[in-house]
Each structure stands twice: as structure tokens, then as C-alpha cells.
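Going in written order, the chains are labelled A, B, C, D and E, and every chain counts its residues from 1.
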Amino acid sequence: MRRFYAILVAAGLVYMLFMFLGTIVPYGKADVADRVSAHFLAKDVNSISPTKWVEGDKQVPHSERVYGRKGFEDGSANVVTSIVVNYRSFDTLGEVTVLFASAVGVGLILGGTRRMKYGRKPNFILRVSTGILLPLIILFGIYIFVHGHLTPGGGFPGGTIIAAAVLLLYLSNEEFSLNMIVSKSLEGSMGSLYVIFGLIGLAAGGAFLFNFLPNGVVGSLFSAGVVPLVYMTIGLKVGSELSGVVAEIHEEREG
Amino acid sequence: MISLLIAIPLLLAFVSVMWKRLAKPLFFLAAVTNMTVLLASWFPNSVEIHVMGSWKPPFGINLVFDNASFYAALVVNFFFFLVSLMPNLVESYGVSLMLLMAAANGFVLTGDLFNSFVFMEIMTITAVTVASRRENFYNAFKYLILGGIAGSIYLLATIFAYTATGSLNMAHVSMATISASSLVAITTLYAIGLGVEAKLFPLNGWVSGVYGGNDLAPVILGTSVSFAALYMVGRLFGTVFHGSGAGVLYTLALITIIIGEVAALRQQNLLKAFAYSSVAQAGVVVAMISKGTSRAMGLAYFHLTNDAVAKFVIFLVAGFLVYNYKNLNGVFKKHKVLGASFSMATFSLVGFPLFAGFQSKLRIIMELFSMKDYLFPAVMLLATLIEVGYVVRWNVKLWFEEETDEKADNPIVAGTLALILSLLLVAVFIKPEIFLGGAMKMGNALADTKDYIHGVLSVVKGGM
Amino acid sequence: MALSTLLISLLVTSVVIYFISKVSWRAGAILNFLIGVFLISYVFALHIGVTSNLGTLFGQKLQLTWTHASYYFSAVSLLVIVSVMLFAIKWLDSQKYPAAFNMFILMMTAGSLGVFMAADLITLYIFWEIAVLSSMLIVPMGKKESRKAAVIYAVMSASGTYMYLYGAFLAFQRYGTLNISEIARHMVSDPSTGIKAAIFLLLASAGIAKSGIFPLHTWLRIAHGNAPDAFSAVLSGQLVKLGSYVLMITVAAIPSLRVFGNIPFYSGIPATNYFLIALGATSIIIGTLMAIKQDDMKMLIAFSSVANGGYILIGIGTMDPMGFEGGVLHVFNHAIAAAVIFMAFASVVYRTHTKKISELGGLIHKMPITFLAYLFAIISLAGIPPMSGFISKWMIYQALVRKGMFITAFIAFFGSIGSFLYVFRPLAGVFLGQLPKKYKDVKEVPPVMWIPMMTLVVISLVIGIWPFPVLQPIEGMRMDYGIAPTMRIADSSHWLIKGFSGSWNPVLVFNLFIIGFVIAYILYTMFPRPKKVDLLAPHKEEGAPINIYTGGEYIYTPELYHYNTKFYAGFERMYEKHPSWEKVLEMLAKFFHDLGEWVHGWFFRPSPSAYTFWVSLTILIVFWVRW
Amino acid sequence: MSALIWLAGGIMIAAAIFAVEARKILDAVIAMSALSLVSVFLFIAMRAPDVAITEASVGAGLVTAVLLVTLFRMRGGDDK
Amino acid sequence: MVYIISIILVGIGVYGLMTQKNLFKHLISLSIIDTAVNIFIVATGYVNGGKAPIYTKNFPSFAIGRFVDPLPQALVLTAIVIGVGTLAVGASLLVRVKEKHSSIDVENMKGVGE
């Protein structure tokens, strides 16, 4: 009976959302020109008059060559990155805070824990291969967040990959225990650094999270102003944070 | 300046995770800083925005600082400040509270739909953390699940708004022409998404467990966070959607009032009883907001402020009692000051004269009559009647029943705060302008969509 | 001192009194009494028509005015309160919370005075709530049951109050004012009978709840029966009169005859008034019948308050000049009588620590002054000359008969006869009969306690002989409200109260009564004196009485032998299986409680699954309703 | 392309139903992980490489890891 | 059609939340809903024939219809991380629920009063 009602309600919900679909653009027909993202793509937000834009006068974005040139308001080739870390950097600060909050939460909820025993020896191959793989994995993670403004990826996946390396360590080595002080300090300092970037922006450009570094050539490694720096802090922070979370859940309460 | 309200607690939270011992003083510091920042920019009386990364709206994210968000932020930070004065309540939750504070401030100040979603999620996660105190895990988990669902629905609503208008900026969304059917989708989803934090029936199942589970959660979630959530209800349904979807809110809110009071009546746990009462009061506020006029909204927030102050006292005292005594009969004979403040706060809740609740309740009823709404006052008076029942029952129980031998030390700081706040309630009765002026300004700001749009979108470069 | 200053300073003083009482409660009590005496003198010195502003609320002026009605009701209230305050100076040493008692009783005084002075509905409401709140906090200071009593009292009172509030705002919304006389003026010209009737009944319901009229009467038994003993005197003698005052405001200050002139029901009385009269009549029946049944002496008088509230309502409800004056005069009579009776009981309880009639007896020799006070009070309550109670009842009967309301008149007569029955029961049970052994050392209460009782008795007696000081303000009230303004009922120059079918000379009646009394006393002394026999004496020492055999039954406990047990058994048997309104209200309370249980079980207890279910269902309902 | 998307969708729905209804929680977690992996394909199909990478590492990798560690920590008490 | 897939996934997630008695399943269902919503969001930004919003040598300049909408993708990045945060807190809560109530099955939990 319970299932029947559940199916009924779930079906009703699906039907309702299906009805709602009629109100949004069909799949694949999204008109970027109507949306703010057109100007994120064209990197010409500063040259648009917002009052006119909101009143329905959709100015056509310029279509000059972006890649490999300099002087744009935002310097990263990956537009998603430029939105995440520049145009909507505040969201990303929030996002970092979410992870931080959940790390703090996990710590508080699982407070006072010690390491858990699987009761089995990790096999030899795993241990050896971990030793070889670990530097590579960490390097890969770092690569991902350093090149976040050029290629897909960024701080979050990069940090996660670093955390994955830590998890691997846990799995392979019975005795391994993350140095919480180091990870916490890294986490805290990197988080503070992000806010401090924002505050420097406030001091330098009059706006919180203002991009206070020159943008450089779109497409090159040292470009996009603070974006790579922010992504690096995010990457390190997420890495240490998620490692911490994994470590916390991994360990067991005393007694 | 305004971004500091979010940046400072956030920064201090990041710092304090490195030095755990500093968390409590830093929390206090953050609260003091925020209060200072707010007091320095007393009622802007215009719509100021602070653009993030200097990307002007509607492209970037902007914080909106007008009378409404100022007042909301003031109330929110005020309670955080009060909590920060009580270190034994904060314990090891300093970092979480700082994050909650940053998130609540962000939620109140932001002018961007998606950004508000992010802050709502931070609020949910930190609130769950706070709620899990004193091993209240299952209830916290329930809250998490409900919060997760609500978050998803809120996100969906945001996306619908984005596809309909091409922007996430609240001011832009409010001025864009949205087709009727699209508007229905958006407001329905928002009503449900906000309903969880705004404690609307039947999305409020978490309230009793979370508020009743420990002594810190109700004190901060029942005051600051619920104020922030209800502020967002006013912002979205008053400013952004010009009252469409108000009918849904109105109906749900009326049911909420009755359900909340009825559930409170049978409750044997002191904290939970008043948790339900907080549900009912949220219902009153939402129903009032759904009326849509600036006066109605102003009164709604006036009522909410009174309720929040009263609830702070009640939950503070109740939390102390519940976790220090096994048998609550006649405990106030040992804690006269706590008892007096508790009684005053509960009487204010009911709306007895001499206390602030009277001012707001009667004003609300009067306003409703002048709008020719005869149902809501009747519901409200019926709810008040039930409220009288359990408020008197609890007061009589706590004051007059035979006491036991248990004894706990008087909490000096909490007692002083409770007494000051309950005297504040009396002061508000005598001089309602203390809260009413701000609340009315808030109502005006929320109802004045034009001003909001103008303020947000015509400013090319925002100030600090 | 302006009226508003007086009230506010009283409220502030009450808090000061608390702290004084913390140091020495007796000082607080004496101070209270002195304040009360000052208030009485103040009240008598005030000129009719004084107004004062309390401030502004919601853009409406809060006004206080001093009218004949305020004067009359304030004076009666203060008489009762001050007596109790004096009584309390000694009585409080048997109480657990003297300081709080002192504070709240003064606060309650301020509240009541404010109610009587209020010129608009909101001011009335504010002070009303202050009075209710502070009295509600005194009630649970009694024995264990009094905690529950306080809750029931609060809820019942609030149910009336909130209906009143709804009515007040309805009136405000329609007429744009809260001033009572303005509203009255507007209502006369308002064509919509439905809304007028709604406002009328909603406003009246506060009075109905407070003065214990039928559907909301049940709290009287519990609250009056369980409140601290001396405070019951205030509850029954004074607070209930707040209800009568509101009823009077709604029926008379809003000229119901003219407002509802288009819906006459019976001999010129509008249907709305008649509805109230019917409620009053029901209260008389219920109050009388239930009072006869009670074993607890305080509950007995509580039910008598229900009945007497009915008299007052009937008298006022007729809007006949005679009935109106009778009803209002009955306020005074019942206030004094009830106050004295409760104080007498408080004295008895103070000495014997029980309020069960069946455990008492024979106290006449031990507490003669208390007995005398009680005796005169019940004479007044039962409406026997020469006490003042007779006059008011006589006036009410006059009005009823003149209006041809025979059923109501019959009920009123019935209530009068019933009141002989029930007031006699405590008299016989508590003061006459056998004195239980354990009370053989009981002494009369100290003078501080009997002086207030005797003062009130004397006042009642004097008013019974010379009622014109009380009738004067009542006449003034009647003129204010324009009820037959040309007619004069109290004619002090001819020592007459003029009715429609003859007049009444109280002095003459008193003299006749004295003559009768003297004759009776002579007869009494001529017959041989009864001898006191200690019936249970030989067996008492061994414990339970044995071998006592009366009327074909073994007596197992002395209580059963107490002749007050099943005093009116034959009569009670006639309505043994009566439907109980109390049960109905209990069921209602239980319904809400069960509803809470149900709501909790369905919406608040469940697992996350159920939450999801409700959330989804709500979305769907919202979705469907919207299209 | 569209057929592929339908296929992916079918797999995802199947995985979701399996994840919800599976008796063993371990299976549910793995189905959940599979769902995430297939959704990575969808993200790529929708030209969202950033999301795809994040989902692959966070959604499929980390979430699974967290859930699995949690599951081990509870020592499969309810793992029936 | 991606819309439809994601909506059905939401439905399954809700169904799972409603029917399952194991709290772990609730977490999984919630995660399914998260994923479904993310897919939905990305789908709203898709443009037929559009490219990934990254400037490369081959696509060095902007043109209408050339790139898919990057904003929903940016939002989803955030949403995914938020989902993980929620999940981690939920998982740790479950660990403690299991410790305290000795089960994570709604029907077998001990000591869950009221």
C-alpha cells in the first residue's frame, strides 16, 4: 500500500514537472543571446549598458577573436572557469564555505574518534602500487587545478583527486593517519586566503573579490588575473578538507 | 562595507579552524564587528548595492543593502551577538556558528537567486551541525533530508527563473515579463523550497525534533535563522514576484497556525511545545506577508521581531531547565529571574497587554480587518486561545507545582540576558516604535519593487 | 491625580509592593490595605465626567472616563477588594506565596478599575487582560487542583475575551472608532442587523465567560473552588462583576432596544437580548441545581455565583428601568454577600484546614462571629428582607412580571427557592450540628479577619434598610444610558422605591422585620433549651464508631453519619443523571488534545519518508489547486 | 547521438531503480556510482566538460568513497 | 529528452525517499535527486550543435550558437559540491545514528521517542 501511494505521488510529481517543462525552452534550443551568459562568453560585460540590457535591448556581443589575445576583462579561456572564479566568484566562496561547513560539521558530529581497523592486511601489491601512484595522482590533481582556467577542471576536481590519494593511503596502509593539524592549518589558511583575496580586491578595486591582477593573454598559463591563484587555494583547501572528511569518517570513536 | 558582514565571520571561521581554542573569542569578535558595521550604517533609506568583483548587475552578483535587508541583518546579527555572549552555550560550535552567521547574513543581503541558494545550503548544513548537538542525530538527519529536498526544489525554481528571464538577478527577474504559466511553476517551487526553512505546514516536520533536541539549536535557529528565512519569503514573494503565489502561502500559513498550536498543546516537552508555537507564529508571519501590502509586511516583521525576542528568552530558559533538571515542577522557585523572564516572554507570545506581543498581534488583527479579511483574525484568535491554554499550563507547572530537590547553579549571563530582553518586550509595549519603525521601513522596502529595481539596476558602479 | 496616572502608578506600585513584601509580606499587605483605603476615598471624591488620556495606540486615543457606571462598579469592587486586603493581613500567614499575592492583587485592582473607567473597547480590553492575568496567577497558589483550575480559568476567560476582541475590531472596521459611545451612536443608524447582532453577541461573550453565564460557566466551580480561600471572595465578589460590567456595556451602553428595535421577540425585547436572558435563565437553573449537589462549600457558592450572574443578566437584559436597576443593584448585593461568604469560609478553613462540609459541623460555638457574618450574608444572598439582597430580586421580579415573561419569572423564583436550599446546607453542615472532636480547640479568627466581614455585613444591612446611596448612582447610570430617563424609581425623600405595581418602603419593612424577630426571639426563650449530646462520643476513643445503627444502615464512618451527607438526597435524585455541560467542554478539550496527538503522529513524528510524502503531496495539491 | 542519450538515460533510470530497491546497501552504493558515471557521459554529450570532470571525480569518486567508508564503518550491520 | 530522463530520475529519487526504511537509502535517494537536478540544469543550457564553452585555437571567437550556455554549468559545479557537502554530513550523522540507536532502519531503531 505504501508503495502504491508512493508511486502515485511520485508519478504525480513527475507529471507536474513535466507540465512545468512547457514553460521553459525546449532541449537544445537555449538562446544564449537572451541570457547574461552571452556576455560572459564574449567577455564584454563591462562594455554593456545594464540598464538597456535589462529593459530588453539585448545588445549583440562582439565577435572578435578572443583566444590568444590580451586586454579582455577576464583572461581565462575556459568560460565556465571565468564564471565560477571571476564573474560569480562569490558563489564559489559560498561553495567553498559549504564544503568547509560540512567538514567542520563532520568533525563535530564524529568528534573524538580514533582509527578504525579493517581486521585484514592490505595486500602487498596495493601497498607498492600506491607508493608509485601516489605522487602521480597528486601531481595530476595539482595539474588540474592549475590549468583550471585553460582546460576543463579546476579547484574542486583537483582537490578531490588529492583527497582520493589520501584515501588510497588509508586503504593501503593500516598505520597511516592523516596529520590533522597540518590538514586543518592548510584548510584554514587557504580559506582565509580566499577571503583575503576578496578583501584585497575590496581595497584595490572597491569591490569584494575584485580581480586585482592583470589578465594577460587568453589561453596562456599565466593569465586570467587571480583566477589561477584562487583555483589553487581552492584546490589545496578542498584537497585538505576532503582528506580531513575522509579521515574523520574513516576513524572510529573510542570506547 | 556591507560585504564585511559576510567576509569577517567567514575569515574568522577559516582562521579559527587552525586554532580551535580561539573559536569562541573569534565568534564574539565576529559578532561585535558585524554589529558595529551595521550600527555604523544605520537605515540606509535607499537601495544601495555592493557589486561583487565589480561586475555590475545583472551580470555579477550583488549584495543589496536597503532598509529591509538592513533590518533583517540587524535582527539576525543581534541574536548571534547575544549567543556569542554565552560561551558555555557555544562550546565547540564556534566555527559552525560563525559560518551560520556568515550564511544568514549572505542569505539576507544577496540580490542573486542562485547565491541565495548557496547560502541557504550553508545555512542548512551548519544548522544540521548545530542541531546534532547533544546526540540529537536522528532529528538532525531528518532535518538534513528535508533541507536537501528543499534545496533541490529551490534550485529547480532558480533554474526555471533563469530560463524564463535569462538572468539570476532578483531585480531583473522581478522586472522581466514572465509568462503566467512559468510564473506559476517558479512560485510554486519557491514556496515549497522556502517552506522548509520558513516552517510552513507540512514542511515543518523537522522543527520539533531539532528545536527540542538540544539547547543551542532553538536559541539560534528559532530566532536568527528563521528570521532570515522569513525575510526571504517577503523578499521573493513581496518584491520579486509581486505577490503571485500568495494564495498558496496564505492557505498553507493558516493551516500552519492551527496545526502548530494544536501540536503544541499536547506537547509534554517544554522545548518542543514552544518549537511548535514558533511554527504557528511563522504561519502568522507568512500569512501576513502573503497579504502583500507594505503595511501588512511591516506588521508581519514587527510581529516576527517580537516573537524572535520572546522565543530567544523562552528557548534560553527552557534549554537551561530541560538540560539541568529531570523534573521541571516548580523549578522557577529556585530561579526567580529566569522564571520572571520566561513568564514575561510567554505572555508576550500570547499577546497579553504590557508586553510586546500585544502590540503586534492587535495591530495585525486590525490591519486584517481593514483589509476585510475576516477569516485570518478568527484563526489567529483561535490559535491564541489554544496558546493561552498551554502557556498558562506551563507557567503554572513551572512556578507552582511542588518542587524537587534538584538544584542547578543560576546561569548569570543567560539570566541577565533573558531579563533584559523580557524588559525590552515591556518597553516595546510602551513604545512600539523601538521595533515598529524599523519593521515598517522594512515592509515599505519589501513592497516597493520599483525602488528596488531602480536601486539595483541603475547604479553602474556600486559603492562599498 | 489623573485617572491614567492613577492606574499606571498602581501598576508600578504593585511591582514595588512585591519587593517590599519580599522583605516583610505583612508590611506589603498593610501597605496594600492602605492603598485600597486611599483608592476608596479617591473614588468617592471623583467627579462624574472626568476624562483622561492614557495614550495613543494604533492611532486610536485610549481614553478613560469617569461615569456613574464606573463610580458604582469601582466602589463595589473596591469595597470587596479592600475587605479582602484587610482580611489578608492575617490570613496570608497560611499561604505559601504572600509576596506574589500582594503584588497580583494590587495589579488586579488596577486592571479592574481600568476596565470600569475605559471609554473605548481597546482600553477595556487592555485592563481586562491585566485583571485576568494577575488574577490567573493568584489562582494556582491554592491547593493542588488549583493548578488545573488556573488553566481552565485562563482558557475560558480567554475564549470570551477573544470573541470580544473580534467583535471590537469588527465594530472598528465598520464604524471607524473604538469609543463605546461613538460605536453605540453608529450602531443605532446602521441598517445591517446581522453585523450588529454579531458585534453585540461577540462583545457580550466576554461578559458571558467572565460572569459565568451558561455555556462558559464551568470554570467558576473549579477556579472559585480551588483558588486560595480569601481570593475566592475576590473572584466571586469582584472579578465576576467585570463580566457583568461588560454585559451591561453591551446591552445598555449600546442601546440594544433601539439598535435591535427591528427584531422584537417578546414584549418589546429584541431577540438578541432575549437570547442573553435565556442564557441567564439557564444559568440560574444550572447554578441552583448544581449548587444544591455540592459537598465542597466553596464550589457550592461558586455555583451560586453562576445563578446570581444569571439574575444580573436577566435584570439588565430586559432593559426595563426596574429590571435594569434591579440587575445592577444585584451586582452590589451579590458582591458583598459572596465576598462575606467566601471570607467566612476562608476563616473556617484557616482554622480547620478543610473545606468539605461533611467533615465540619458545630462551629457556631467556636466561631460565632464568623457564623453571624455567614448568616447575614446568606440571608442577603437568598433575598430575604431586611438584607439588601431582597431589594434587587424584588426589582427584577417586578420587571419580569411587568414584561409578562412568566417562564423567566418562574425560573427566577425557582432559583430563589433553590438558593434557600443551598445556602442552608453549609450553614447547617458547618456551623450547626455536631462539632467533630478534632475541632474542639478551634478558636474564633482574629479581629483583622472578622472586621472586614462584619463591615461588609453591616453595609449590606444598612443598604437593605436605606438603599438610596446605592440606588442614586444606579439611577444616574440609567439616565446616562437613556433608559426611561424621565422615570424615577428611588425616591429617597419619601423613603420609597417606586415600582409599577406598588412601591416599597425598606425602612418600614425593616421595622416590621425587627418586630417579627423580637417576637420570635421571645418565643424561642420561652421554649425549653435543646441539650447538647455528643453522639459519637463513647466510641470515638476506640477509633471508628461501632454498633451505630440508624435508619436500617450501619454507619461505617463518622462522615456518613454526618447529617449533611446527602442533605437533599431526595431532591438530588430527581436530576441525578443530568447532562453535564462540563463534560461537553471536557470532551472539546480532549478533542483538541487528541487532534494534537493525531497531528503529531501524522506530520511530526514520522521518518524522513513520511516527510517526503507530505512535501510531495503538498506540491501536488498546490499544483492542482492553482490550475 | 540521440539514441545514445536514450541508452544512457535508460541505464541511469535502471541504475536508479536498482539503487533505490536494492536489498544490499553495497549494491545500492555501487549502482549509485554507476549512475553518476553514466551521467558524466550525459554531461559530455551536453558539452559540459567541466561538469563532467567534477561529477566524475566528486560525484562518482568521492561520494562513492564517502558512502563506502561510512558503510564499512557501520560494519554492514543493516547490510542485509 | 534529457529533461524527461532527469524528471524521471527525480521521481525515482522521491519514490525511494518515500518507500525505503533504511536511512542509508534516503541518503542515496537524495543523491539521485541531486544528480537528476544537475542534469536538468545543464540541459537548460544546451544548444544544438554548440561547443563546450572554452576558447581554443579552433574556436577563438564568440558567435551566437557556437557555444552552449556556460552559466548553468557553472551553477552545476557549485551544486555538485554542495551535494557532496550535504552527503558527507548526512553520512557522518548516519554513523552516529547507528551508534546511538543501534540500527539505521527506521523500524528497528531503538530509543527514538516522540
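In this text, a residue touches a chain if its C-beta (ideal position, glycine included) is under 8 Å from a C-beta of that chain, and two chains touch if they have at least 3 such contacts.
Only a predicted model underlies this, so the values are computations on that prediction, with no experimental measurement involved.
Chains making contact with chain A as well as with chain C: B, E. Least step count on the touch graph, chain C to chain D: 2.
Taking the mean of each chain's C-alpha atoms as its centre, the chain lying closest to the overall protein C-alpha centroid is B. Among the pairs C-E and A-B, the greater number of C-beta contacts is found at A-B.
Most remote chain with respect to chain E, judged by CA-atom centres, is C. Put simply, the chain farthest from chain A by mean CA position is C.
The mean-CA centres of chain B and chain E are about 28 angstrom from one another, to the nearest whole unit. Chain A and chain D have CA centres that are 20 Å apart. Between chain B and chain C, the centres computed from C-alpha atoms are 44 Å apart. As a whole-number value, the distance joining the C-alpha centres of chain A and chain E reads 15 Å. Looking at chain C, one finds that residues 607-608, 612-613, 616-617, 619, 623 touch two or more other chains. Within chain B, the positions touching two or more other chains are listed as 114, 118, 121, 125, 128-129, 132, 137, 141, 145, 149, 162-163, 168, 184, 208-209. Of all residues in chain E, those that touch two or more other chains are 1-2, 4, 8, 10, 12, 14-15, 17-20, 23, 26-27, 43-46, 52-54, 67-68, 71, 73-75, 77-78, 80-82, 84-86, 88-89, 91-96, 114. Under the contact rule defined at the top, the touching pairs of chains are A-B, A-C, A-D, A-E, B-C, B-E, C-E, D-E. Put simply, chain A touches chain B in their complex at residues 19-20, 22-25, 30, 34-36, 39-40, 45-46, 48, 50-51, 53-54, 86-91, 93-95, 97-98, 100-102, 104-105, 108-109, 111, 184-185, 187-192, 194-196, 198-199, 201-202, 205-211.
In the complex of the two chains, the chain E residues touching chain C come out as 14, 17-21, 23, 26, 106, 114. Residues 3, 7, 10-11, 13-18, 50-61, 92-93, 95-96, 99, 102-103, 106, 112, 114-115, 118-119, 121-122, 125-126, 128-129, 132, 137, 160, 162-164, 166-168, 171-172, 175-176, 179, 181-182, 184-185, 189, 457-458, 460-464 of chain B are the ones that touch chain A when the two sit in their complex. Interface of chain D with chain E (complex): residues 2, 5-6, 8-9, 12-13, 16-17, 19-21, 25, 28-29, 32, 35-36, 39, 42-43, 46-51, 54-55, 58-59, 62-63, 66-67, 69-71, 73-74, 77-78. Across the interface of their complex, chain B is touched by residues 11, 57-58, 122, 125-127, 129-130, 133, 136-137, 140-141, 146-147, 150-151, 154-155, 158-159, 162-163, 165-166, 169-170, 172-173, 592-593, 595-597, 599-600, 603-604, 606-608, 610-612, 614-615, 617-619, 622-623, 625-627 of chain C.
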